[in-house]
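Working notes for the structure below.
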Amino acid sequence: MTARVREAVRPAAAETVPPAARRRAVRLPGPAGAWSTAGLVVLAVVVWIAGSAASLWSEATLPKPGSVWTAFTAAVRTGQFWADCGSTVWEVGMAFAGGAVLGLVVGIVFWKAPTAGKIFEPYLVSFYAVPMVLFYPVMIVIVGINQWPVVILSTVMAFIPMALNTWVGLRGIRPVHLKLARSLGCGRRQTLLHIALPAAAPFLLAGLRLAGVYALIGAIAMEFTTASSGIGHRIRYLYESFDNATMVAYILVVFVISLALTSALALLERALLKGRSGS
Amino acid sequence: MTTLSPARRASAPPAVAIGSVLVLLAAAILWWLLSRLTFAIPTPAASVRALVHSFGDPDYLDDLRVTGIAALSAFAIGTIVGGLIGIGLGLSRRARTLFEPMVIGLNGLPKIVLYPMLLPVFHLGYGSKMVMGVLFALFPVLINVEAGVREIPQIYGKLARSLQASRRQYATMILLPAIRRPLLTGVRLAVSLAMVGVVLSEFFATDKGLGRVVLSAYSAGEYATMMGTILLLLIVSFVVSFALWELERRVR
Amino acid sequence: MATAGLKLDGVTVRFDANGDDEPVTAVDGITHEIGEHRFVSIVGPSGCGKSTLLNVVAGLQRPTSGTVEINGARVTGPDRRTGMVFQEDSTLPWKTVTENVVFGMRVLGVPKGERAARAREMVELVGLQGFESAYPSMLSGGMRQRVALARTLAQRPSVLLMDEPFAALDQQTRLLLGAEVRRIWGQTQQTVLFVTHDMSEALLMSQQVWVMSYRPGRIIDVIDVDLPDDRDAGVVSTPRFNDLRNRIWESLQKEAMRGFMAESA
């Protein structure tokens, strides 16, 4: 009986939640996975060094690792680099926080008012299909040329997976847990805080992880194509001024930030879900 | 047995349908209100007029064609490549331990920043933005298919063995039908993301395409053309995504 | 006259069916009493409204008509004087055994110091010492139901309601846990209303068995169980047990058949 109830929850999750969220708790790579990943990175660097040395590609296509390293060490000594990073981190942080809170609230509202949820669900799901950057010119007109268009549009991107995951998670609460809450005479607040949100935690955390990823992807993409500050913008600027070595250095910095964010959120998820592997 | 909320199960489809239309209407009204605030946002009517006018312009149709072809090819290539890798990873535990962490990491990257590195190799035309579209479309298919393959109940494998099914029979009669739902989810996201990847690339640098049209119309102050094109892209992506979403929900 | 532990007076529950069907009468005018500290089981075919009746006693379901009184005071909503053990696993997977046991008390506002003491006592009572900091995912189905029982007992309800708590378990575990619950009840002395579709389970545990009919749900037979008070799982092989079992089956057989026909139609 219990087993069947649990299984029934899963297809619903597959319906709404973007792919990565379906794996409820991330399985962290074991030592084999970590070693092989490290191995692949080393391999890529070796190919990069060897290819550059053998002149398989020109310096304009892909600069030598040495040049990129020199450019990187030069860049980190400039205030510009830290200003760019600060700007991006601020935007991503705001978007992440805003999207997470907004998504949580909207997910709870959808749970309480399923008809509203059903009305908005296809729109929210389809927002993945919309290049948010399209709204950038419109946002500029509304809020002006500053960081806010980026923050607002990235917030929207972060908000969507959070809202959908929250909703799916809350819908998947086992009825007996809600019945338990009722039989104990829990108020709305107690039911939400002590039963509903902890029960949905695997989905909330998956949503949070995706919110982080989307906030970063959104902010970088917008800086990169349209905005006038941040790391993304700097990459564009360096491209236009033919400073390839520094550009590649900046691109690698973006990757490092992204991987750090993904791993941090995955570790958080794992730490908070400790002990409930069976749930 | 659960008699606590007996009549709850039947949802009210009319309410949802009416609600969906109301949402669209509300969006249109909001847009109209915004257009009253500033000249830089044209009214919905003006934007539609500009779009209709654009359709008479051969250059514009060329831009449309380029974006369409690039997005569709990126989608097709991304789905095939992603699907194959996904099946491979799903079937082989060893391949998963080796590559899964990397897949998760790559999936979270803002891949668009690679665009300037693609440009010297694949050039300004179709090449670079198609590659970008493929990079965007690849991962949702890969991850969904992999999860789908991994979650195929073991009993299906036993069944196939007991019937002495060939590998080919297993693939076509068990594997593919068993992963149809995650595959469809992946496909829906891949269509969307292929287009996002292409349009984003066009925003950065390209010779032709609707992304470029939006940006240059914006710089030139032709706001009606800009909004008309944005509207076109929104409608296309929403319609495709809605349709696939409906299909996905109907597939059992 | 002493007040009854639990008094049902004309309790009726009707559900509106979807569409044009007749409303379903799940519980029909049940008037019965359970003395304080008595252990009563209800047996009946699936779908006869046993669980609905239990929900009414717990105040989770408002009866269409009729009243429920516990120790002379009416039940009007979710009632703190009752504690319920559910058929499904209701342990919270994000909490350890002890935290699960404490949970009910916390919601009910039991002072912190007392919670810990009671939790320790209850964990011991249900035989889960050594598993205090285990998570439910590490426990078997039977052990999880012990956790749920400990949580409910820790709330010190005056009426303990059990809704087929062992239905998901295998036969052996079910009988052993049944004997356990009886032993525990011997110490805690709640008024117990236990719902099951298993006749042996009902006989093994209770002092009185009510047989409930398929729709409309009425009590069609009341059987006093005159088995020894200190019985254990071994009692199932005694002749008296068999006699009682046959007696219940006589009342139940027709209803079970009727339910079976109706449900499979």
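Observations, loosely collected:
Per-chain residue numbering starts at 1, and chain names A, B and C are given in the order in which the chains are listed.
Just so we're on the same page, a residue touches a chain if its C-beta (ideal position, glycine included) is under 8 Å from a C-beta of that chain, and two chains touch if they have at least 3 such contacts.
In this text, all values refer to a predicted model and were calculated from it rather than measured experimentally.
When the interfaces A-B and A-C are ranked by C-beta pairs in contact, the top one is A-B.
With every chain reduced to the mean of its CA atoms, the largest distance from chain B is reached by C.
Taking each chain's centre as the mean of its C-alpha atoms, chain B lies 52 Å from chain C.
Centroids built from CA atoms put chain B at 17 Å from chain A.
Chain A and chain C have Cα centroids lying 47 Å from one another. Within chain B, the positions touching two or more other chains are listed as 4.
The set of chain C residues touching two or more other chains comprises 60. For chain A, the set of residues that touch two or more other chains comprises 175, 179. Interface residues of chain A, counted against chain C in their complex, comprise 1-2, 5, 174-177, 179-180, 182-186, 190, 194-195, 198-199, 201, 275-279.
Residues 58, 60, 77-80, 82-84, 86-90, 92-94, 96, 103-104, 107-108, 135-138, 141, 155, 167-168 of chain C are the ones that touch chain A when the two sit in their complex. The touching residues of chain A, counted against chain B in their complex, run 11, 14-15, 18-20, 22-23, 26-27, 29-30, 32-34, 36-37, 40, 58, 60-62, 114-116, 118-120, 122-123, 125-126, 128-131, 133-135, 137-138, 141-142, 175, 179, 213, 216-217, 220-221, 224-226, 232, 235-236, 239, 247-248, 250-251, 254-255, 258-259, 261-262, 266. For chain B in complex with chain A, the touching residues are 2, 4, 11-12, 15-16, 19-20, 22-23, 34, 37-38, 40-41, 97-102, 104-105, 107-110, 112-117, 120-121, 139-140, 143-144, 147, 181-182, 185-186, 189, 191-193, 195-196, 199-200, 203-204, 211, 214-215, 218, 226-227, 230, 233-234, 237-238, 240-242, 245, 248-249.
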